[in-house]
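Each of the two complexes below includes chain A, the first together with chain B, the second together with chain C.
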Partner chain A sequence: MATTELTRSSRIYSLLHSRWPQFVLRALTLAGFIFTILSGLWGSRVGSHNFAIIFVWIAWWSALKLFFIPLGGRTWCSICPIPLPGEWLQNKGILRSRGAQTQPGKRWPRFWRNTWLPVFGFVLVGWFGAVILTSPQATAFVLLGLFLLATVLSLIYERRAFCRYVCPIGGFTGLYARLAPPIVQVMQPSLCAIHTPKTCYEVCPWGQYPPALKTSANCGLCMECLRACPHENISLNLRPWGAELPSAAKLGLDDIFLALTMLTTAAIDTVIFLGHWGVFKSAAYTVGSPAWGIFAASFLLITLGIMPAFYTLVVWIAQRMRKERFSFKRSLAYYGPILLPLGLMSWMAFTLAFASTKSSYLLPVLSDPLGWGWNLLGLTNRVPTGQTSSFSLSLQTLLLAGGAMSAVETARKLSRSKRESMPLLAFIASYAWIMMWLLLG
Partner chain B sequence: MKQEYLARAIVVTLLVLVLALPVIGKTLWRLQNPTVLEMRARLPESGGWSPSTITVRSGQLLTLRLTSEDVVHGFAIGKLDQPEIEILPGEFVETTLILSTPGKYVFYCTRWCGPNHWRMRGVINVIGDGPTPTPEPTPLYLGLEIDLDAPHQAEVIPDRVVEPQRGSKLQDRLPSYTLEQATYLSNSPASLWMRLRAEPSLRDLNDDDLWDLVAWVWEQHTSAQEIVAAQELYAENCAACHGETGKGDGVMMRDLPPPAPDNHTPAHNERTRPPDWSEPRQLLGASPALLAGKITRGGMGTGMPYWGPIFTPEQIDALVAYLYRFAWNALSKETPAHP
Partner chain C sequence: MKHIKGMLLRITQPRWRAALIFILAAAIILGTPVPRSTTSTGQRYIRVEASRYAFTPEQINLSPGERVTIELVATDVKHGLSLDGYELDLEAEPGQPARATFVATQPGVYRFRCSVACGNLHPFMLGKIQVGPNLPLIRGSLLGAIAILIALYRPQHYDQSAPNGNH
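Let's turn to the complex of A and B:
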C-alpha cells in the first residue's frame, strides 16, 4: 500500500495550517481536563457516579487505546491539555509558535533523554492502578500532579521536555505511534537542505527536524513545522499500518523495556480488572496492606524480573541460532519490534473488554457529572451491569490474533532462518495464549 | 495580536464556566430545595454519618436526602416503627420525617457495612413545643444493683433436655411467687431452680422435674409472636457478632480468639469473641434483668454496642426471652433425650 499524502487536499492543508481548529480542540480539552480535576476533588467519591473516573478511565482511556494510538499515533498529544499552559507560558502566547519571544530553557539532562522515566511512571500507575482507577480523588490528584509537573518543567527546560521524557502516557504512545499511519514528511528534501534557517526545527516543540524524521515516535503531530515552512514543503502522510516494522528505527533498550512493561501490565491489569479472582483485585486495592505489599512485590518481580528475563532468554537463544553475531545489547534491540504489535493489540483487546462492560456508565454520568443527584439530561438512573457480548469477545480474539500474527510476521522478517525465529515465535505464542486465556478463558 | 487576545478570552471564559458550573449547580439546587438536608453515609472509620447531629423543631417537616459514598448502608431511627431505608453507593434516596415529640432520637445504620458498623450512629435533636416525651423507665438492673460486668456462670445446669410441657403438668406444685414477673426478671434459671430445690414442698420432685418447671416458667413470660419478632431483630442486629446459633462465631468475630471461660472482661484489652451461648452455663446463670441491662448499656469491656436508644423496652424483653432458647436448645443437642 502506498503512502497517502493527506495535505494534498487543500481543505485538509488549510485545516492543519490554521491555528484555530487545533486551538478550539485544545481549549475544549483543557476545559474538560480542569472540570475532570474539579469533579474528582469535589464530586461523589463513588467512582461509577463521578465524571473523573468514567470519562478519564473509560471514555478517554478507551478512545486513546482503541482509536487515537492505533490509528493516529500521537494525535492525542497534539490536543493534550496537560502541557498547554506550560507551552503557552514558554511562548508567551496561546496562538504563537516558538520564536524570538520564547523563553530560552535549559536542555533536558542527557542522562534522562530516554523512556526510563515513563517506564517508572507507568510502573507506579500499575502499583496504585486499582485505587487510581476507582477513586475520583486519586485520579484528580494524579492529573493535577501531571499538570503541575508539566508546567514547572516547561518553565525550566526547553520545548516539551515533559511530553518527550517524563509523561507515562506519552511514553507508550510514542512507542506504538511507530505502528500508526500518520507521519510528517518533507516533499522535497533537497529544498530543505539549502534552506536556512531551519525554521521547522526552530518552531518544533518536540525538537524534531522534519527532513530527518524516519519515525513517528517523537513527533507530536502539532503541525507547527507545516505552518512555519515558507516553501509549503511539509506534508502529513498516511502510511500503511505497521510501516515501521520490522526495523522500527532506533529502538533503544529503554524502548524495549517499556514495551515489555506494557506487555506485563496488560496481562496484570486483565487479571485485576477483568479476572474472576477477587483476591487479586482486593489485594491491589488495599494499598498499604500486607496483601498489597505482596501484590506490589509480585508486580515488580514480574515486570522487572520475569518478563525481561524471559525475553532475554528468547533473544539469547535466537542470537545463538543466527550466524551473523551482534552484540547481545544490539540483539535485544534488534528483535524488539516483535513486542510492538503484540503489546498494542493486547492493550486494545483488554481495553475493548473493559470498555464494553463499563460503557453503560457514560450517559448517566453526563447527566450527573459530579454525582450530586442531578439529572441534567434525564438519563440518571441505575446503571445496568455491562455484559460482555459475543461480538466483543470475537473482536478481542481478532485483535489478539492480529497482534500475534503481525508479531510473527515481524519475527519472520527479522530472522534469517526458521531456527532463529523459533524462540521468538514461542515467546509470541506463549504471551498470546496467556492473554487469550485471561481475557476469554 | 487581536487573535491572540480572542484566544485568551476563549480560554478564560471556558475556565470560568467550568469552575462556575459546580458552584452554580449546587446553589440552584439548594434554592430549589431549601428544606432538604443532604446526609452522606460513609464507613465509620471514614467519618460515618455527615452530618451526624441534626436539630429540628418539633412538628417540622424534615426531608433527608441520603447517599452513600462507599458501600451499601441502611438508615433507621431507633424506637420508631418505620421501615429502614437502603442507601446505595452514589445513589440518592429521600425520606420525609415529622417528629412531633421533643427529645433525642438516635438514627443508625441497619446494614453490616463493616467491622465498626455499630458505631455508625447519629442524633436528631427535636426541640420546641409538643407532647412531653414519656420518661424512659429506669433499667431494672440499676434498681436491682446488678453488676453487669461480673461473671455470671450458672452453678447448676440440667443433665438432660428440659421439657416445659412436662413442667406444665406440675405447675400446681409451684409456689405462687414463681409466676410473678419480678421473680422472673430478677432470677436466673439456675437461681430459680436452686430456690425451688430448697422448697420443702417440692422435695419429692427430682432435679429434672424442677428444670422442666423452670423452663415452663420461662415460657410463660413470652409468646410465639414475640419470639418471631425477636428472632428477626437478632438476625439483623446481633447475629453478625454473636452468630446465627449464638455460639459467638458471627462473621465479624470468628477470627478472634474465644473469651476466657469465667471472665467476661478480656485481659490486656485483647479483643475476643462473644461468649458461646450454646454452653448452657453462660445463659442459665443470667437473669433477664441482667441480660436486658447488657443489651441496653452494652460495653462490658467488649465491642458490644448500647442498644438502649434504639430498641424499645418491649423489643429488649423479647430479645432476652429469645436468647434463653440458645441455652435450652443446646441441651437438646448435647444431652441424651429423656427416655
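Let's turn to the complex of A and C:
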C-alpha cells in the first residue's frame, strides 16, 4: 500500500533529527504536568473550577483520543512527561540517548511482557473513574502515582518498561496505534543487515529493532533510531489509515482482552458520564457504599465476563462456519482486529460528545486555574452551560457508522465466506447500535 | 486533465466507490430536515425535582407542538436546568421553585443539564427530553445499517489463509 515518506523533506528530517524541538515540547508538557499535580493538590476541591480536572480530563484526554491516537498513533508517547525524569536518570543526562553511560537495568519479567497490567489499570480506572474524573485531589494522586512508578521502574528495569508494559494509557494507545498512519521504517534493509553494531536497537528506549518493525504498536516515535543511524537509513512514513488491518496487527490474547475492556469501558463511561440515569452516577461516585459495591461487581462482570463471553461465542460460531481445525485460542486472536476500528471510533464518538459539551469550562479555568477566585483573563464570571449541537450528533453518528463499516470490512477480509463473517457482523452491529442508543438516543 | 482522470479512476475503484456511497448516504440521512411543528397540540405541566446529581423524572416524552411548563424544584442545594436546543434556563434554590414555559417545536432528543455548579458531578447531571420519535437514533441506525451493507457487499477477496498462518 502507498506510503508517504515524511522524512524525505529535509526540514522535517532536521526537525526530527535534532533533540531540541522534542526536548522543548517535553519540557513544556513536564511543566504542565507538575502544575497539574500542584493545582490538584492545593487548588479548589470543586472539579469544574480546577485546572487539574479540566485540563487533564477535558483538554488532554479529548486531544489524545480525537487527534493524537487516530492520526498520530503513539505521538503523545514521544512527548509524554511521565517517564521523562526516569529516562534522564537512566541515561545520566538530559539531552543524551542510551549509550555506554546508561544504567544497565534488569530485563522486565517475561511473565508480564504483555498488556495484562494495562488491562488491570483500566479496570481500576473504571471502578474509581467517577471520583478520579471529578476530584482534583484524586486526579493529582493518580498522576503522582504514575510519575513515581515510572521513575522507580526506570531505576530498576531497562528501557521504558513502564510505558511498554504498565501504563494503562500506553496500553490502549499502542492498541489503536496499529490503525494510525505514522510508522518508522528502514529504507534499505540490506544496509541494516551488514551494519553489525545495530545502534538503532541499542538506543531505542522501547527495545525495538527498526528493520523488523511491522507494527506501530510498540514504537514510541521518539526518533532515537533516526538520530543514531549512521547511514541515514531510517524514515518516518505515513501509510493509509488502518493499513495494518487485518493481517499485520499481531494481536495476542492479552491485546484482545484489552480491546474488549476498551469496548466495555467506552459503553460504561457513556452511561455514567453522558447518560441521564442518576442512579448509576451516584453508585459510581459513592466509593465504598453498598451501591458502589454493586456497581464495581457489575463492572467486573460485564468487563471480564459478559463481553469476553459474547466475543468467545461469536468466534466459536465463526470458526465452526470456517470448517477448519485449528486452535481456538489462535482463533480468538485471529478475529481480534475487528475490535480495533470499532473500539477506536466508539471512544472517539464518546469523547466528542463529552468534549463538545464540557469545553465551555476551558477558558474560565485558565482565568482562575486554582479556583481561588482569580480572574486573570476576565473570563471567570460565569461558565456557560455546554450544549450538544446537531453537528456534534452527526459527527458521532458518522464515527460509529464508520467504525462499524471498517470493522465489518476487516471481518470480511478475515473470513473465507460471507457465512463465516455473519457472527462477527452480529457482534459489530450489536455493539455499534448499543453505543448509538447510549450516545444519541 | 491527468489529475481529473486520476481522480475519476480512483472513484471507480471499489474502496473509493464504497466511501463515496457512504458519504452520500450520510449526507441524505443526516441532512434531511424534519419539519417544525408550529401548531399547539396541548398543554402540560411537569414538575422536575433536582437533587445531587439527578433530575426526577430523568426522561420526559413530549409530542411535537406541545406547550410545556416546567417547574424546577431543588431539594438539597441550588440547581439549574438548561435545555439543549431551546432558550430555557431555570435556577432554583431549595424552597424556591422556578417555572418556565416552552413549546416543543423541534422533534428529536435533547438533554437538559444542571446549569449551577452543585458539586463534583455537576457537569454530568443531566436528563433527557424526547420530542416525538427518537430521530437521532433512527437516523443513526439507518446509516449504521447502510454502512454495514456497503462493507458486506463491496467486491473483495475473502481470506484464504488459515489463522495459524502468517498473521
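Following the convention adopted for this analysis, the second predicted complex is superposed on the first by the 439 of 441 C-alpha atoms of A that agree within 3 Å, B and C clash if a C-alpha of one lies under 4 Å from a C-alpha of the other, contacts with A are read in each partner's own complex, and residues count from 1 in each chain.
Rule of thumb we're sticking to: a contact is a pair of C-beta atoms (placed from the backbone, for glycine too) under 8 Å apart; a residue touches a chain by one contact, two chains touch by 3 or more.
Predicted, not measured: the structure shown is a model, and the values here were computed from it.
After overlaying the two complexes on the shared chain, residue contacts for A:L38 are found with chain B alone; chain C is out of touch. In the overlay built on the shared chain, the residue A:G220 is in contact with neither chain B nor chain C.
In the superposition on chain A, contact of A:V46 is made with both chain B and chain C.
In the superposition on chain A, A:I94 makes contact with chain B only, while chain C stays out of contact range. Within the superposed three-chain model, A:L28 lies in touch with chain B and out of touch with chain C [touch as defined at top]. Judged by the touch definition given at the top, the superposed model places A:P210 against neither chain B nor chain C. Between chain B and chain C, C contacts the larger number of chain A residues.
When the two complexes are overlaid on their common chain A, residue A:W374 makes contact with chain B while staying clear of chain C. Looking at the shared chain after the overlay, A:G121 reaches neither chain B nor chain C.
Chain A residues 45-46, 48-49 lie at the interface with chain B in one structure and with chain C in the other.
Considering their complex, residues 45-49, 130, 134-135, 246-250, 272-274, 276-279, 281-282, 285, 324, 326-327, 330-331, 333-334, 357-358, 361, 383, 385-388, 393-394, 397-398, 400-402, 404-406, 408-409, 412-418, 421, 425, 428-429, 432-433, 436-437, 440-441 of chain A touch chain C. Only residues 23-24, 27-28, 30-32, 34-35, 38-39, 42-46, 48-49, 93-96, 370-374, 382 of chain A touch chain B when the two sit together in their complex. Only residues 18, 22, 26, 30, 53-56, 58-59, 80, 82, 84-85, 89, 109-111, 113, 115, 117, 119-128, 134, 136-137, 139-141, 143-148, 150-152, 154, 156, 158-160, 162-164, 166-167 of chain C touch chain A when the two sit together in their complex.
Interface of chain B with chain A (complex): residues 3-4, 7-8, 10-11, 14-15, 17-19, 21-22, 25-26, 29, 42, 65, 67-70, 89-92.
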